[in-house]
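Order as written gives the chain letters A, B, C, D and E; numbering starts at 1 within each chain.
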Amino acid sequence: MSEWKELADYFRGRSMWMLHYCTGCGAIELPPTMTSRWDMERFGVVPMATPRQADILLITGYLSIKSLKRVVYTYEQMSAPKWVLGFGSCTINGGIYWDSYSVIKRLDKYIPVDLYIAGCMPRPEAILDSFVKLRELIKKGEAKGYEKYVKNFEWYKANQDKVFRRTTPVLKKPEEVTKSA
Amino acid sequence: MELRPLNVSNTNDKYKTYELFIGPNHPGISGNFSYVLDMEGHKVANVTPDPGLLHRGFEKLMERRLWTQNLALIPRICVPEPDVNEVAYCMGVEHLAGIEIPKHAQYIRVIVLEMARIAAFLFSFAGLGGSTGLYTAPNWSIGDRDYILDLFEWLTGGRVYHIYQYPGGVKKDIPDGWLDKLLELLDYLESRLPEYDNLIFRNPILQKRTKGVGYLPAEKAIKNGITGPNLRASGIKWDIRKAQPYLVYDELNFDIPITGEGDAFARTLQRRLELEESIKILRQCANQIPDGPYKVKIPNPFQFRVPAGSYYSKVESSKGEFGYYIVSDGDVKPYRVYVRGPSYSVGLYYANEIMRGMRIEDVPVWIHTMDICPPDFDR
Amino acid sequence: MLKHVEKLRGMGLEANPLKDWEFEVSVPKERVAEVLSYLKSTGFKAFIHLACVDWIDEGEFELVYNLESYEDALQAVVKTRIPRNNPTMESMISIWGLCQVYEREVHEFFGIEFVGNPNLKPFFLENWMDIPPLRKDFNTLVYSEELFEFKEDETHGIKAPKRIEHK
Amino acid sequence: MMFFLKLIQSIGVGALSISVGLLFMGIGRKITARIHRRYGPPAIQNFIDVFKLFSKNSISHGFAYDLGIIAGTSALLAAVVFLPVGQINLFPANSSLIMILYLMTMAYLGMAMGVSSSGNPNATIGISRALTMMMGYKVPFAAVIFSVYIFARTGSLTNIIAAQSGGLLNWNMIRLPFGFIAAEIALQGMLGEKPFDMAIAPAEIASGPMVEMSGKYLGFGMLQHAVGIFLETGIMVNLFMGGAPNVWIFVIKQFELFFIALLVNAILPRFRVEEGVSFMWKIPLLLGVIQALIVVL
Amino acid sequence: MNSNLIWLVFTPLIGSAIAAILYNYKFLDRLITFSTFAITLFLVFGTHVGQTYSMNLNFMGRMIPLSWNVTHLSIFMLYISIVFGTILTFYSLMDRSRMKGFLLLLILAANNWIFTTNDMVGFFFAWELMGWASIVSVLGGRKERKSRHAALYYALMSIGGSYSMFFGLFTLWRLTGSFSISSNLAYLSSIVGVHPWWVLGIVSLFFVTFMIKAGIFPFHTWVPMAYAYAPDTFTPFLSAVMSKYGIYGMLLFLPISLMEKGMPTVFGLPWVNYIFVWIGVITAVLGTVLAFFQDDVKKLFAYSSLSNLGYIVAAISLFTSVGVTAGIYHAFNHLLFKGALFITLAAVISRSGTSKLSEMGGLWKKMPVTFFTFFIGIASAAGIPPFNGFGSKWLIYQSMIKQHLLFATILLFLASTGAFLYLFKAFHSIFLGQLSHNYDNVKEVPVIGQIVEYLLMFAMIFFGIQPGYILRPVGLIVKSVGLNPLAVMGNGYVTGMFSNVDMPLIGWSLAISFVFGFILFFISAKHKYVSQEDNYTAGQIPQDWGLTPETYQFSWKFYEPMEKLFAPFYRIKIDGFFRGLGDWTRITGSAVKQVFVGNAQIYTLFAVVGLIILVIAGWVA
């Protein structure tokens, strides 16, 4: 049985279908990665149209709250095994939008991220490198974000709900806030 | 959670219309943006744009940063063509602060702007190719765009976000040999143009798919605040570079081609013709660029106070008029910056009108030929 | 251009040229529609943008309408001020249908009511409950600290959610 | 005994059709990549993809969905055993061309049933387009079938191959040139290559019928496409290129046809659906009718 | 012994009388209808080819000889119609629609009479009885107003047909002095070489009647109205059985070969036959094209019936051995699959309460047996092997290609592909897609209905893979009209002109590949079932947009791009004349309605008018 798993993991690593969801400005580096200059199809990575078909969810940069809600929905529509690549520094700590009221700061509080690509924005080489790294992680059986999500679903859900389902204003007393700034 | 009422079209029969979501996670949309279409059969009955998926609160963040700190922030407003943001912002700041920048720097700015324009045009060909299924077009044009990005990298150190402009000039001078390389690249691009013509513009099926799609008459274009190549494709001869010249555009010799049919094909052709003009401008710049300083000295950023006042500075980008309305109260930070993106009126308002009755096939073609760039209205 | 400025001055308005092709005119709130229709009739057919500035110290919002004339290659900036404690404004959608989206945005970010605009539903923001974010008294840093807890420093491991008490 | 022999042979033909189809798809990706000025994936990429898909979890919208998707592949596999493949001709008495075409319709029906039971309008628009396009290419192909039936005085592929024996000049490709061109254009539509791939247009309807397919369902879809390529090019080889003395030559002939389809695919965008159909009803149908008239008169 | 032919007619009449008395006891009424059908079926078992019977009837002082004669064709038709009728009445035991049993039994009496009679008077009376009984049956539809219009229009067309037949019959009687069909046909055959135009004229008078009954172009206009607004359980009978009366009539007259002398031929066919082939082809294409855009499911299938009858007419008009075999075979197949489809439609409509395609969807979850019956039905109708529709379609193509009828063949292919399109449209809109919450409480049909559905499924598969059971009797018919029957080798083969098809082999091949498909399906990674709301919405959360299943279901204007394609078709307003006629009927009808209120009166009025016309015709004679 484990041989089967290994074999399956080998094939998964060689054929990673990516969901081309332009969540942020990093999406501008994806067309060069996909097309003739860098050609990620060499690695078996193909852009897919819908979450149903995809293995990788590439979060290409910052996520506004509105976007995050859709990303979480999309992520839950993908079927396991699935992986998330956090792309660019915005997914790590909010990047240049660290003080924005609209952009989330840490992606892995809301969905499990298997691999981060640092940089603003990462070059196509970095993206390709991340695919190779992810392949290795899959082969080693270390990229198990989707299992983590199932196991810690409540934690993730609580974090998500805190952002999505507010029923009271975040800043209760605007006067005080103004003074402290 | 707020429940939006369903937009049922004039048929008032919920069985006859159905919802189709174009975006955010859809190959047919450019960027993270969404149109919710009420469809009747294969035709669109009603459109609800759903922006804000890329909203970052730029205008708020800029009020919190120093005048020069903002330079790192603003390129991210329009991703396919970030340099127009930098130039427009710097021009606005310079106008308010009364700084006159040297000729050399002005030429460099024009070179950067025109290169960015070519890159954006190549990107828009890719969009058209992708939306009609001609996948050779994106592969070629984005591949060629990358040569421009290489030159940018050499010049500025960044492939996409250059952060190269600075109030008072540019950050550093042109490296040795860069201009020769630029001329070489222009020759290469020119040699590629016939191939694009054969692949895209002389392709009978592509002509069939784009001719007559999203017809935009001139009065409607003006009324709906449409600018740039889309306006010119409707037959209005309006280009800020000619009409209200900034930088050194009045010293350069170039034409404004007008196609005038106002449909999707004309809009693409318009970009193709303007691409040639941009190559012409770049050649002139590379040959005429005078020697001199590349910047004037400005004070320490922490001391850099811009006199109180307000100014609307605008730049002709590949998508239309890109403007920054900058208000200063004499502090080290801007008091208010308003960004006017060219896609705003097209993507959020005019879409409602034009998409009604449009076939679903034509929707992505329309989106891509209008070159709607969601980040510039989400900000 | 000067003839426009003269004409506007003749209407009893404060108008002054800014640049070769640009002039600004300050209009009281009630006369905005009149001035805009006048300008539209004299060639300023393109509506470029509507911006809002929050002058918190003066207790006023400033609305900036920006128009362009393609025939004469001119730009007109029409400014008006409305009180901050009762921010209502007449909607301009009868002059430019386009104003609908601009006004909707200003309504969302500044909380200005536009009388006559049929659709002022949330636009860019979803489920927003605090004061409109582009007002000067909205503090984005505190807001994001409260909501996103980005300062806590934990490793990639999963930890129990931290409770945040609103002060 | 006979039954088991035929059964094993049929499984062999089925396996051959799947492997050849997947290999063609892989080589096709490579060739397309070269036209795009790319390097392209390895030629066996599609095998990897299919294995991965079958090892991936998936979602389903109910048994109609399962049944439809399985029927899509199975019916094509059931049809492929009746196709003479080189020297392998399992049921020589039973290779009626129209029967094979109608059996293929079962596959379309199954696939269409599966994907539209998911209830996604994107998929349904795709199906609506695919069926409309089917009406486009079936009609010129009918004209071609007419000419071949009259010309060869038989409707069995076995006999049609036999009638073309004796060198290149006896091939229907040479004898019925207009019919061949018409069938070639119809083949482009049957294979679902551009400019007739409006059914799966990703930019418009998010890859159409495939929109809800995940994991093994997509794997079945891929197998169906592979068998479809084999079957459709195989019919063309038997109809116009005189079949083949052995499997290798058969596959090479199939690849020639597929290669032409690929080249056309790479340089053309897709039609609107009614434009595609009216194109089919103009040029190929005209050619087919001219051919039929030549044969009849 | 031979008198059982009389009983074939009288048993249903007696049953009808009893049913009419028990009209108010719904279940008893239906039970009697069913048992009468069953008894009649039993009587048919006792009938054999060559049976004859004759008697004289005293009518207004004139002795009218009535005679019966059982041929291969009539016994074939008797069997298929009565077996189907029995199944249908069994199904309608549980039905709540307003079909009237006594009328159906009247039609049954007429049915048996038409198929067995050998005299024209009997034929005419039976035809009239059948016509009027069916017209009144149509009146009981779900939408009263529309049914009334449909019935009026149908009645008008029927009256036209009756005149035509009456004049033909009368002319023949004047010529020969005999009412016997067989001797009259023999007479016509003998003089066709001498007076071809006379013969043609007389035959065409009859053909108009038959074409009206079968709904052949240009007399097809009543079909969609009557089928759509008839009671749901009557439509199967209307479509499956009653349309075949026209085909039966045509088959009676076709053996009068017009090829003999002096007649020009086209492609080796007498030009009259050639014209009829084209009429068939036009009907087939027209039915298909009109069916694309229907939203009323019964109308859609009405046009589908039209299209199939076009096939049959085109095939039998060739009058070659393959053509006639294919035609009769297709008539049987059409009876089976269209009967099955209309029965499932009756089930769906009675459960969902609507016949609009755009308002249904996703019903497979609620009605799985009906779903499978419908699936096999459309697979048969689309001619997919190994189901029963394939063999006959395949033979029809071959017979057409054999005659080198290029354009007709291409058009038939077009109609066949088009059939697949509209069938799938109906399939999708009813059973697939999103299930509206309105139908959350819909249940499968009761056990009786399910039994019938299983039976029909079995029949469609059985006659698909064992076509020999039908092709043999069809071969006898073909032989009896003087053509060479098609060779039938075993029960599983369909022997065509260009190639053979082994249907069980196809069945095996499909079954085995399905087994492999299922094995692959179950050994590969697991799947989970999700609700229909969990669907790709491009990342948008559907609840935020107030999405409900019916607003995520695409079935309205399903083939919209084709409207553009077929725009030239619609410019030819062939239906305009008939639509005008229909309007005129409606106006007259409403004028009449002001005098006579109610259904029965209108029927009486038309009966009286028809009778008066008949009497006047008698005086003139």
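Side notes on the structure shown:
Definition applied: contacts are C-beta pairs under 8 Å (C-beta built on N, C-alpha and C of every residue); 3 or more make two chains touch, one makes a residue touch a chain.
If you're wondering where the values come from, they're calculated on a predicted model, not measured in any experiment.
Taken together, subunit C and subunit E share the touching chains A, B.
Among the chains present, the centre nearest to the common Cα mean is that of D. Of all chains, the one whose mean C-alpha position sits at the greatest distance from that of subunit B is E.
Look at the CA centroids: the one farthest from the centroid of subunit C belongs to E.
Of all chain pairs, the one linked by the largest number of contacting C-beta pairs is D-E.
In whole angstrom, the spacing between the mean C-alpha positions of subunit A and subunit B is 27.
The distance from the centre of subunit D to the centre of subunit E, with each centre set as the mean of the Cα atoms, comes to 35 Å. Once the centre of each chain is set as its mean CA position, subunit B and subunit E turn out to be 63 Å apart. Chain centres here are Cα means. That of subunit B falls 43 Å from that of subunit D. Those residues of subunit E in touch with two or more other chains are numbered 534, 536, 538-540, 552-554, 558, 561.
In subunit B, the residues touching two or more other chains are 1-2, 4, 18-19, 24-27, 39, 42, 52, 55, 57, 60-61, 64, 139-140, 143, 359, 378. Shared interface positions of subunit C, defined as residues touching 2 or more other chains, are 124-127, 133, 138, 140-141.
Chains that are in contact with each other form these pairs: A-B, A-C, A-D, A-E, B-C, B-D, B-E, D-E. Those residues of subunit E that touch subunit B in the complex are listed here as 356, 358-359, 537-540, 543-548, 550-554, 556-558, 560-561. Interface of subunit E with subunit A (complex): residues 534, 536, 539-541. Across the complex, subunit A meets subunit E through its residues 21, 50-52, 69-71, 73-74, 77. Partner subunit D is touched in their complex by these residues of subunit B: 18-20, 26-28, 39, 42, 129-136, 139-140, 143, 199, 203, 205-206, 208-209, 359-361, 363-364. The touching residues of subunit C, counted against subunit A in their complex, run 124-127, 129-131, 133, 137-144, 146-150, 156, 158-161, 166-167.
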